[in-house]
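Listed next: structures, encoded as C-alpha cells.
The same subunit A turns up in both complexes below, where it pairs with subunit B and then with subunit C.
== the complex of A and B ==
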C-alpha cells in the first residue's frame, strides 16, 4: 500500500468511527464495547503475539483500573457511608464532578496498574512458556478473590459506580467516544513502539529468548516495558468500563478471567497474533459474531460461542491475517520478497 | 596480551565431571581451536565461559577482569559473544530484522529502546549480509532459510554485534563441503579485517588445521594436549582419544 492510499484508508476508518454512534443509534453501547474489545485484543497482543508471553493475567490490570476509578470518584466527594446511601440516586454527583472524578480515576488506575505490572513483572517475567501462562491464570483468580474480600471496595457484593448525570446526554455516546479515544491511542502508541528497536527486541524474545540474551539484549527491561504498556491502557479502559457498566462485581466484571480474560486471547488469535491489524479485525469479528449469537441463538449462545472458539483454534490457528499471509503472500511484500522468491525455490 | 584466560575450571553435572581443571588461554587477535571427541566437554567449557552456568571452581578472566560470576547478557555486552551448535536465529523475523536487533547493546539506555534505528545500522546490516552472501535473501523470513544459510546468518549477526572475542561452536557442521572453503575464508577475514579474536570448536580436522594457530584438545573433560596444529595432529594421545583407546 502506498503512503497516500494508507492515509486515505486510515481517514475513512476514522470518519466512519466518528459517525458510527449516529449511524446506528440503537447500538451505541455495543459499539462502545467493540472499542473495548479492540483495546483488549491489542493490549494482549503486545504480550502474547509480539513477545510470545501468553498472559491470562492482563485482565488484572483492567480490574485494578476499574476499582481505582470507582474509589477515586467516591472518595473525592463523599464519605464511604454517605456514598453507600446516595450511590443509586440519579444526579447524586454533578456532571463536572462525574467527569473530573472519572478521568482522574482513570489516570490513577492506569498509573497503579503500571506500578503493579512492574512489581509483578520483576517476579514472574522470568518464567517461560506454559509456566508463565499458568502463573498469570493464577494471578487473575487471586485478584478476583482478593477484591471480593476487601470491604473497603464493597467485598463480594461489589461496588456501584456513580450514576451517569442526565445533563451529560446519552451515556452510550459519551462512553463510545471515551473508549474509542483509548483504543485509538493504544493503536497509535503500539504502532510507534513496534516500529522502534523495542518492536524488534520483543519479536526477538518471542522467537528465541536464549539467543536474545546471548546477544546482550536487556530482555528483562523490554519484557517489563511491554507489560507496563499493556497495563497502562487496560487500567484506563477499566475505569471507563466500570462507569459504563455501572456495577462492579469482583469476579464477573472487574477480574472476569473466564470472559474478558479468555476473549482477549481469542480475539488476538482469531485476527492473527503478532500483527498490527490482526487484533483489531479479530476483535470486530468476534464481538459482532457474539452479539449475533445473543440475538438469534438465545439459549444456545454459550454453546455457539464454544463452537466458535473451537473453530477458531482448529481452522485459523494463525488467524485471519495469518490465513491471508499464507494464501496471498504478495499482498505482504515485507515478508516474502518478489525478487528473491525465485531464489527461494532454487534453494530446495 | 591475553584476551581470555580460563584457569583451573571445573564443572560437574551430578556425578558427571564435564570439565576438570581446564586452563586455556586465548591471546588477542589470534584464532584458537578447541577439539575433542563427542562428550569431551567442549560445549560445557563454552557455556561456562559465557555465563550459562556457574563454575564449580576456577576462574574466567576476560581482558583482565573476572567474569565467572556474571550472567549471560552482561558478558555478551562486554564483547564476548558465542554462536550456538544448534543454530539459533529469530525465525519469524526477516534476515534484515535479525541483523538490526543484533547491534551491540553495550551503551544503551531507556531512550534507545524507543528510538528508530539509525540509517548506519541499515547500511551495516546490508554490508554484512553481503559479506556472508545472503544479501538477496535479506527480506525473507530467517526461518525459511536452509540450515547452512541460517549458520551464515548467525555468523553475520555475531559480526553485527562488534564482538572482541567470538566463540564459534562448530561453525561448519551441516554446511555443504563446497561452501566450507568460503566460510574458512570469511572466518579468517573476520579475524584479520575486523580484528575479532576467535575461539573455534570444530570436528572437521581439515577446517581446524587450516584455521587455528594453536589448538587445545579435550578428552573426558580434561585437557589432553595443546600446541600448534601439526604437533596436536601427530600427538599419539589425541589419536588414541579419537579412536576410542581410552
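== the complex of A and C ==
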C-alpha cells in the first residue's frame, strides 16, 4: 500500500469505529467487548508473537487493574464497613464521582499492574520456552486464589462496582468509547514500539535469544519493558471492564484464566501472531464467531468453539495473516513474477 | 488444497458477513404473548441446579398458559420464555442480560442460577431499568446496594443454616450445658453464596458465645475435603456446618462416612438437590439440611394448590422429587403473573412498581418484598434426613418431627 492509501484505509476504519455504536445501537456492549478482545490479543502478541514468550499470565494484570479500580471507587466514596455489611444500604454515586473514581482507579490499576509486571518480570523472565509458559499459568491460578482469600476486596464473594449513573447516558456507548480509546492507544503505541529499535530487539529475542545477548542486547531489560507495556494497557482495560460487567468475581471475571486468559492466546494465533493487524483481525473473527455460536448453537457453543480452534490450528497454522500472506503476497507489497516463472517452467 | 483453502476463506468471510447482518430487535410483548427472559446455567459447575431452575420456570409457565394465561388491562396473554446459557460464569450472565433486553427486546427478566450470576445481573438490570424476579440468588451483596429493579422470592443466604445454631443451643440447654461451651467447625466454599452463610453463622455463633474452632474455605473446584475432616476428627467440634452447593453436600457425606468422623451435629446446604438420602442411604442419616422450601409446608395458592400438590405435579412432569430450587423458580413466575395483573400497563416501570407492592401467598410461601427487594415474609426451614426422608425439624412451626441430636457415633450406627 502506498502511504496515501494507507492513511485513507486507517481513516475509514476510524470513522467506522466511531460510528459503530450508533449504527448498531443494540450491540453496543458486544462491540465494547470487541475492543477489549482486540486489546487482549494485541497485548498478548507483544509477548507471544513479537518476542516469542508465550504468556498465560497476562490476565493477572487485567485482574489487578479491575480490583484496583473497584477498590479506588469504593474507598473514595463509601465506608468499607458499610459496603460489606448485611443490612447497610449503599446509595448510588453521582456521575462526576463515578467518572473521577473510575479514571483514577484505571490509572492506579495500570501503574500497579506495571509495577507488578516489573517485579515478576525480573523474577521469571529468565525462564524460557515451556518453563515460562507454565510459570505464567501458575501465576494466573495463584492470583485468582489469592484474590479469593482477601476479605478486604470481598474474597470469594467478589466485589460490586458502583451502579452506572443514568445521567451519563447509555452505558454501552460510554464503555464502547473508553475501551475503543484504550485499544487504539495500544495499537498506536505498539506500532511505534515495533518500528523502533525496541521492535528489532524483541524480534531478535524471539529469533535467537542467545545470539541477541551475545550481540550485546540487555535481553531481560527488553523483556521486562515489553511485559510492562502489555501490563499497562491490560490494567487500565481491567478497570473499565470491571465497571462494564458490574460484578467482580475473582475466578470468573477478574483472573479468568480459562476464558479471557486462553482467548487472548487463541485470538492472536488465529489472526497471525507476530504481525500488527493479525491480533486485531483474529480478535474480531473470534469474538463475532463466538457470539454467533452462543446465539445459534445453543448448548453446543463450546463444542463448536472447540472445533473452530482445531480448524484454526490445522488449516491456519500461521493465522489469517499468514494465510493471506502466503496466497496473496501482493497485498503485502511483495511482487511475484508469475510470467517469468511460468516461462521458466515452459522451458524446462 | 488451494481450492479447499479458498473454500474455507469464503466460509470465514461468509461468517463475518452474516454476523453483521444478524436480525433486528422487536419488542417482546407482541400480540398475545409476554416473553420472559433468563440467562441460565445449562453447562458448567451449576448445570444440575440450572436444570432444576429451568424446570421450575417451565412448569409454572406451562401451568399458567394451561389455566388461560395472564389477564392484564382487559387482555389475555400467554407466557413464553427465552433462555441463554451463561455457562455458570458471572461475566457471561451480565452480557447475556444486555442481549436479552437490547437485542431480543425482552422487558421482564427471571433470575439466573446462583448468587454470583445474580449479583452480576442485578447492576445490569438496574442500569437497563427492567425488572428481574429471581429465586436463586441469595447473597446479601445483591440487597445492600439500593437496587430498585431486583426482587428475590427466597430467603437470603445468611439465614440458610441459622436454625442449626438455635437447635444446637436448645440441645445444649436441655443437657444442662451452656450454649457458649459449644464449638463450631465451618467448611464453606469460597463463593458469594457460601461466604454469606459463613457470615451469618459467625454472627449467630457470636450471639450465643459459641467458639468457631475451624473456619476453612473450600475451593470452587471442590473435590476433596479430607483436610478439614481430619481437623474435625482431631478437634471434635460439636457442630460441623458445610456449604458447597450440591457438590459440597455429596462430598462431605462421602468423605465423612469413609473417614468415620463423629460429630454431634452435621449441617449443610443443597442436600435435596444432591439427593444425599437416596445416593448415600444410611450414611446420610441425621444430616441437617437448610432448605428454602419443603413439600410439608402449609402454603397454598390457586395455581398449583398446596406445597404437596406442587411436589406431586412436579414429580409427575419431570419424574424426580421437586427440589426447592425448582419451587422458588416457579414462585418467581407466579410473582410476575400477579404483578402483570395488577400493573397499570405492561411497561417495565409499571410492572416494577406493581412488583414492589407484591403481597401474596404461593405454594412456596408468603411473598412480601422490602425496599431492597428481598422477601421478608418467608422463613428458611431445616430438614433432617430421617429414615431416608427429608423431615422438617425446625423452626417449630413447620417441624414434623423432633431433630435427632446428637448423631450416634459410627460404631453404634
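For the reader, a short list of remarks on this structure follows.
Here is the rule we go by: the second predicted complex is superposed on the first by the 324 of 348 C-alpha atoms of A that agree within 3 Å, B and C clash if a C-alpha of one lies under 4 Å from a C-alpha of the other, contacts with A are read in each partner's own complex, and residues count from 1 in each chain.
Keep in mind that, in the parts below, a residue touches a chain if its C-beta (ideal position, glycine included) is under 8 Å from a C-beta of that chain, and two chains touch if they have at least 3 such contacts.
Predicted model only: the values in this text are computed from it and were never measured.
Of the two partner chains placed by the overlay, only subunit B lies in contact with A:218; subunit C stays clear of it.
Once chain A of one complex is fitted onto chain A of the other, the partner contacts of A:112 are absent, as it touches neither subunit B nor subunit C. By the touch criterion defined above, A:203 lies against subunit B but remains apart from subunit C after alignment on the C-alpha atoms of chain A. Of the two partner chains placed around the shared chain by superposition, subunit B is the only one that A:195 touches, whereas subunit C remains out of contact. Shared-chain residue A:104: touches no atom of subunit B or subunit C.
By the touch criterion defined above, A:294 lies against subunit C but remains apart from subunit B after alignment on the C-alpha atoms of chain A. Set against each other, subunit B and subunit C differ in how many residues of subunit A they touch, and the higher count belongs to C. After overlaying the two complexes on the shared chain, residue contacts for A:304 are found with neither subunit B nor subunit C.
On subunit A, the surface touched by subunit B in one complex and the surface touched by subunit C in the other have no residue in common. Residue ranges on subunit A touching subunit C, taken from their complex, read 25-30, 33, 83, 85-92, 145, 148-149, 154-158, 160-161, 163-164, 166, 171-172, 245-247, 249, 251-253, 256, 259, 284-285, 288-289, 291-292, 294-295, 298-299, 301-302, 311, 315, 320, 323, 327. On the side of subunit C, the complex with subunit A involves touching residues 2, 5, 8-9, 12, 15-16, 18-20, 22, 25, 42-43, 83-85, 87, 89-91, 94-95, 98-99, 102-103, 116, 119-120, 122-124, 126-127, 139-141, 144-147, 156, 158, 189-192, 194-196, 199-200, 203, 217, 219-220, 372. Interface residues of subunit B, counted against subunit A in their complex, comprise 50, 72-73, 76-77, 81-82, 84, 88-94, 97, 100-102, 104-106, 108, 110, 112-117, 136-141, 144-146, 149, 157, 161.
Considering their complex, residues 192-193, 195-198, 200-201, 203-204, 206-208, 210-219, 221-222, 225, 274, 334-337, 339-340, 343-344, 347 of subunit A touch subunit B.
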